[in-house]
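Below are two complexes that have subunit A in common, paired first with subunit B and then with subunit C.
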Partner chain A sequence: MKYHGRVVAALAAGVMLMYACGNTTTDTGGQPVSGGTLNIAMKDDFKTLDPAVAYDTDSWSVERAIYNGLLDYVGFTTQLGPDIAESMPTISPDGKTYTFKLKHGVKFSNGREVTADDFKYSFERMLNPKTQGPMTGGPFWGSVSGTADFYSGKATGISGIKVVDPYTLEIDLDSPNQSFLNVLAMPFGFVIPKEAVAAAGSDYAHHPVGTGPFVLDKWTPGQLLVLKKNPSYFGKAAYLNEVDFQIGVDEQVGFLRMQQGQADLVQPDVNMPSAQYIQLSADPTFKSRIVKTPNVDIWYLGMNVNMKPFDNKLVRQAFNMVVNKANQIKVLNGRGVINNGIQAPPMPGFVPNYNPLGLDANGQNITMAKSLLTQAGYGPGHPFPAQDLVYPKTNADSDNLAAAIQQDFQAVGITINLKGLSFPAFLDVTGKPNTTALSYDGWIQDFPDPSDFIDPILTCTAANVTANGGNVSFYCNKQLDTIDNQARGDTNSADRLKLYQQIQDIVASQDFPWVPMYSTLETSVSATRVHGYQLHPVWPLVLTSIWVSGGK
Partner chain B sequence: MESERVGSGWLVWHRFRRDRLALVGTAFIVLLVLLAIFAPILPLRDPNHGYYELLSADGRPIAPGPVFWLGSDPNGRDLFSRLIWGARVSLFIGFIANGMALVVGVIVGTVAAYFGKWVDMILMRFTDVMMAFPVLLFSIALIAILQRGGNVLVIAGVIALFYWTAVARIVRGQVLSLKEVEFIEAARSSGGAPRHILFRHILPHLVPVIIVYGTIGIATSISTESILSFIGIGVQPPTSDWGKMVSDGQGYMFLAPWLVIFPGLMILLTVLAFNLISDGLRDALDPRHRSLVQRVVGGFSAGGQALGSRTRTTAEAESA
Partner chain C sequence: MTRYIIRRLGWMVLVLFGVAAVTFVIAFLVPGDPARLYAGSNASPASVAIIHHQLGLDRPVYVQFADYIWRVLHLDFGFSYRYSAPVLPAILQRFPATAELAIAGVFVEVVVGLPIGILAATRPGSIWDRITMIFTFVTLAAPPFWLGLIFLYVFGALVPIFPLGGYGDGAPQYLFLPALTLGLGGAGYYARLLRAVLLDILPKDYIRTARAKGVTGRTVMFQHALPNALTVLITQLGMDLGYFLAGVVVIETVFAWPGIGKQAVDAIFNLDIPLVMGTVLFGALLIVTANVAVDIAYTFIDPRVRY
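After this line comes the complex of A and B, so read on.
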């Protein structure tokens, strides 16, 4: 998904192979105790708790606690396992038919049992253009048979989603898709009861009913959202009796409250701001309580290949050698690693120390960059035109990162003007063809599969989108698309990952639509009475593992 | 006429000079203006250059010391140099915004009061409407619509858009009372055209008011500009600006307090200095209003008499 420092920031990665970067859990605090209330300080109110609509980590933090889908990630890993499904689905040999058996006795918090009809209803409601959810017409569910007819109104239901019996659901795809199970595990695949939607009318977003370990008890917009433990939850019960989200608390105030024992977690779905991170990592009480884990993300400069001067490949190659990536990471307080490719650690198939251009330890080669610019025809007589660097302005850190880039380009005689925009404005101007030449972009996983770092942001299909597109370079290489389509259906996972590495080579050492820069580390901290708080590789917040001292 | 003006100028300076605080304020502003003007040729570091190589691996701001006198920000930029360059922006916007506000305010106030009736009605109701707008909210909307957050002239314009109203009201009040004074009536009855009366007879009497409110206005404009930059719609990075520096540094309040204290102090001192100057000028130009400071410190009240004599002499001179 498009990276937004505030809204989308916390999907972190659990496979800890190439990182040795501290704890993933805080202290275990002995035996878990049940009971008590957890206080979480949040800056903004939740936009919606309708799983068909929400596409931000704030909302997902709460949705994960009140809903379930067919599948979920096992524990704190990226491994998928059954949730409301009884077991992993049986997949037909052609890879196009998925059959799910459901658990018996799973109940919504209103007391009714979940059946296959509820899934068909929830999926169709979620994809219905009238619901205005972000999945409608998108790539993730596009391979399900009958979606095109459903979108255009030719069919009233999706023919590919079939209720075989109350406990059996069948999903047919038009073409095999190796990441479809990941798609099902996203919050858009959560099951909701029809009667709750009918009762809430257009305001279901504020009256959610699910099957999860918690239920929504109270939501005073702009002030407080209270979750209570669900006594009839089908899985392992949560330790906490209650979770209070205190809304409207600025991060700085939140961290002060935490230090005074008035808040247990502060904006847990967003990376800690620089200032708080440096300060708390020097604090004797809190330094051991900071948890870190790699974010599955990539930050890069997008160069629009259809716009001057970036239509010249030599220019794009030269730009790939100018940015001091080490300085970017310094501005992020060392919470990141240089990345010269397009896949993020620890995505399956990620190549450690990937460096196809032979750049130095800072990710630069200024001499080479200068000679490439000369080759491209720029020099004293024909100076390089000043460029606007468009970036999303989320906090002081974003200005600082952009300012460092500006300074890097001074070294090769290129003037960069900084143009910080609000996130919606940024999405608007970078997603439109022929509008933005140079932008500071980030991409964070929707799910832990390498296809998510290619399909929505580097393919010709993505380049043909005319509004809010993810392919900010408007880069299109038919050869890449062919390999990508081949990889999508490839059932041999080793071969499949090789194909994705081939795509990385095309992008990072041949066509240069991006200047890949770095991937970040997620950091978070909890109050001393909190135990079992852990960062999840995919979910922004997991409440079920947390308990508080003495259960109070 | 001419000799009278020179004479009152000396008188004003004589009175102003006795106000120590105003002199201190003036000295501060003069020094600041000189530093701001000569910043490019002073031996200062580039305010926008980040000395990343001097930063620790976790990007901690460098404390004040021998390398950076006032410390560095998280980008390794010299805070001292950024403060001086920031003065350019703040003072420039302060002067320009205030200049625009004065011009508009004086014109609207004078025209409304002098012509009265429906002209007055329309202009003053419009002024009331402008005053009723919530300044910050409207500035945010306006700058967002104009899509020119970084342009100093746009920022100055937006500030001026709200502060001319205060000037207009005060000027209107002054003109209304001046209109009834005998020498103006005399000028009117002897056939003076409105333009002649406005420019030759009324405007010169507004000069003290304009000077006093102009100085206060600079202080207001500078603090408003700081607020706009603080909330992120003022001057854009990497340009150094006091309000933006406070805003960027606030997260580091406990870790690197210099990031907030020094720019905050600059805003405070500059606004205070302009207020002291205007206070001193008001006393010097119009001793009827004793400043609070002087009333408390000095405790004598011979002002009324002095004013009475001054008004009389001016009126006599005008009618003569």
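After this line comes the complex of A and C, so read on.
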């Protein structure tokens, strides 16, 4: 998710060594005990608890506790497994039909058993334009047969979603899509009961009913959201009896509350602010409580290939050699790793130490950069035009990161003017064609599949828009799209990952629409009475592994 | 008086319409697509386009404005994108907390500011005058967010006698620090204002006459000087109350106080146009009402004022 700081757990020992990071789990504290209340300080109120609508990590933190879907990630891994589905689906030989068998006896918190009809209802409601959800018309569910007719109103239901019997659901795709199971495991695939929506009307967002380990007990907007353990949960029961989200608590105050024993976690779905990270890293009580794990993200400079001077590939290549990436990580207090590619370290198929341009340890080659700029026609008689670097002012580090870039380019005689914008304005100006030449961008996963780092941000489809685009470079290479389409349907995992590595080579060593810079390290901290707190590679917050000592 | 009130109410409607029009135009001039923020930053352009249409944002601005005004006249303030809830109930649900804080803040302004102002005015040039004026200088200069964080750190963490923010169902211990932070800046201003007004009044003939007749200093101050200074103070008090009621953004943010100020900031950052419009109109209504109330109060305070 773009700019929603989110956590990703380490998957491989190599990744862990690269980061030289600390704990990924808080102390296990001996034998888990049931009971008690976990207090979580949150800066903002929750937008909605309607899984058809929410597309932010705050909301997903709660939704993950209330709902279930057909599939989920096994433990704290990126491997998919069955959730309400009895087993992984059977897939037809052509890769286009998925058949799910449902577990018997899974009940909503209102007491009614979940059936295949509920999934059909939930998916159709989620994709119905009237619901105003973000999946409608988008690519994730676009391969399901019959969605186009459903969106246009020609059909009242989606023909590709079929209820075979109360415990069997079939989903037909127009073309094979290897990431579709990841899509199903997103919160948009959670099941909800029709009668709860009918009862709550337009206010279902505040009256959620699901099948998960917790149920919503109370939500006072702007103050408090309380989850209680669901006694009829079909899976392993949570240890906690209650989770209280204290709403509207500024992060500085949240960490004070933690130090005073009034909060157990502070905004766990986003990275710790630098100031608190430095402070708590030096605190004897809390330094061992800090958990770290690599994020599935990539931060880069986007260069609009349709705008001067970045329509010249030599210029783009030169820019790839100027940024001191090690300095960027210093600004983040060491919470990151240099990334010269387009995939994030924990992603399947990630190539460690990828360095196609032979850059030095800082990610630079200034001599080569100057030579390339000369080849591009820039020099003493024709100085490089000053450029605006557009960046979002999303946190306290934003200005410092951009200023470091400005200094890097001064070293090669290029003037960079910093243009920090509010997040809405940033999205607006970078999403329109021929509007922004150079921008500081980031991409954080929707799900841990390489396709998510290509389809929305590097394809011709993503470039061919008039507004709200994710391909900020407006880069289009039909060869890349062809390989991407091939990879989407390739059922052989190893071959598929090789195709994505080919795409990485095209972007990072041939066309240069980006200056890839780094991937971040997620950090979070918990109070001393919290045990079993672990960062998940996909979910912003998992409550079921946590227990507390010392009662409330 | 009745004609005056009716005339003021008429102006009030015009002011509110003007506020609505200006806010609406500004909301559309600010770069950014509310549908993109509503959908989520990762949402595809096609999905955003559908939501854009569903929210009615693809209509001409003047059509949207006319539609908005028509609905407001029917007390329908729209649906918040940010909170997935109707706007008016969302504002009304949070307004009591803001009102509680606003009244407490004004109370602190008066209780702290007035005695200091009187003390300084009755002993001009003395050490008390200097000390109180330094105090007012500090409270006026200290940014509320900084002062709030210091109070929280000192009285919530170092010497934990107050909670570290929050509402606590309006319990007094939760209210104390935010009200103090809110009121101290105003108290400094009131003290300086009152000192200046009193220094202007105290040398006047009627005060000298009272003193010559043997009236005690306390009686001179509270029965002769202070009532004449009240007109100025009431004006400021009414303005402050209206301003505070419209939402005290910084204080609510620092102290996790669930009022309409924090809600308004969230709405602005999320381009939640219906909630921004609703909050601005609600705030404008409170400020205009407070002004009218102050004007009417003059007639009770100052017998010379008649409408």
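Going forward, the second predicted complex is superposed on the first by the 532 of 552 C-alpha atoms of A that agree within 3 Å, B and C clash if a C-alpha of one lies under 4 Å from a C-alpha of the other, contacts with A are read in each partner's own complex, and residues count from 1 in each chain.
We adopt the following convention: contacts are C-beta pairs under 8 Å (C-beta built on N, C-alpha and C of every residue); 3 or more make two chains touch, one makes a residue touch a chain.
What you see is a predicted model, and the numbers here were worked out from it, not measured in a lab.
Chemist: Among the partners subunit B and subunit C, which is in contact with a greater number of residues of subunit A?
Modeler: Counting contacted residues of subunit A, the larger count belongs to C.
Chemist: Counting only touches as set out at the top, which of subunit B and subunit C does A:A467 meet: first, second, both, neither?
Modeler: Touch partner of A:A467: subunit C, not subunit B.
Chemist: One more residue to check, A:V322. First (subunit B), second (subunit C), both or neither?
Modeler: So A:V322 meets neither subunit B nor subunit C here.
Chemist: When the two structures are overlaid on chain A, which partner does A:Q252 contact: first (subunit B), second (subunit C), both, or neither?
Modeler: Touch partners of A:Q252: subunit B and subunit C.
Chemist: Does the superposition put A:Q262 against subunit B (first), subunit C (second), both, or neither?
Modeler: It touches subunit C, and subunit B stays clear.
Chemist: Identify the partner contact of A:G334: answer first if only subunit B is touched, second if only subunit C is, both if each is, neither if none is.
Modeler: The first partner, subunit B, only.
Chemist: Does subunit B (first) or subunit C (second) touch A:A376, or do both, or does neither?
Modeler: Neither: A:A376 stays clear of subunit B and subunit C.
Chemist: After lining up the shared chain so the two structures overlap, which partner does A:G431 touch, if you call subunit B first and subunit C second: first, second, both or neither?
Modeler: second
Chemist: Per the definitions at the top, what is the overlap between the subunit A residues touching subunit B and those touching subunit C?
Modeler: 252
Chemist: In the complex, go through subunit A and note every residue touching subunit C.
Modeler: 1-4, 44-45, 47-48, 50, 53, 55-56, 129-130, 132-140, 151, 202-203, 205-206, 220-223, 246-250, 252-253, 256-257, 259-260, 262, 421-425, 427-429, 431, 446, 456, 465-470
Chemist: For the complex, which residues does subunit A have touching subunit B?
Modeler: The touching residues are 252, 273-279, 281-282, 324, 327, 330-334, 393, 396, 399-400, 402-404, 406-407, 418-420.
Chemist: Given the complex with subunit A, which residues does subunit C contribute to the contact?
Modeler: 30-33, 35-51, 54-55, 79, 82-85, 90, 93-94, 97, 149, 152-153, 156-157, 160, 163-167, 252-259, 262-263, 266, 269-271
Chemist: Where on subunit B does subunit A make contact in their complex?
Modeler: Checking each residue of subunit B against subunit A gives 48-50, 52, 55, 57-60, 73-75, 232, 236-238, 247-248, 250-256.
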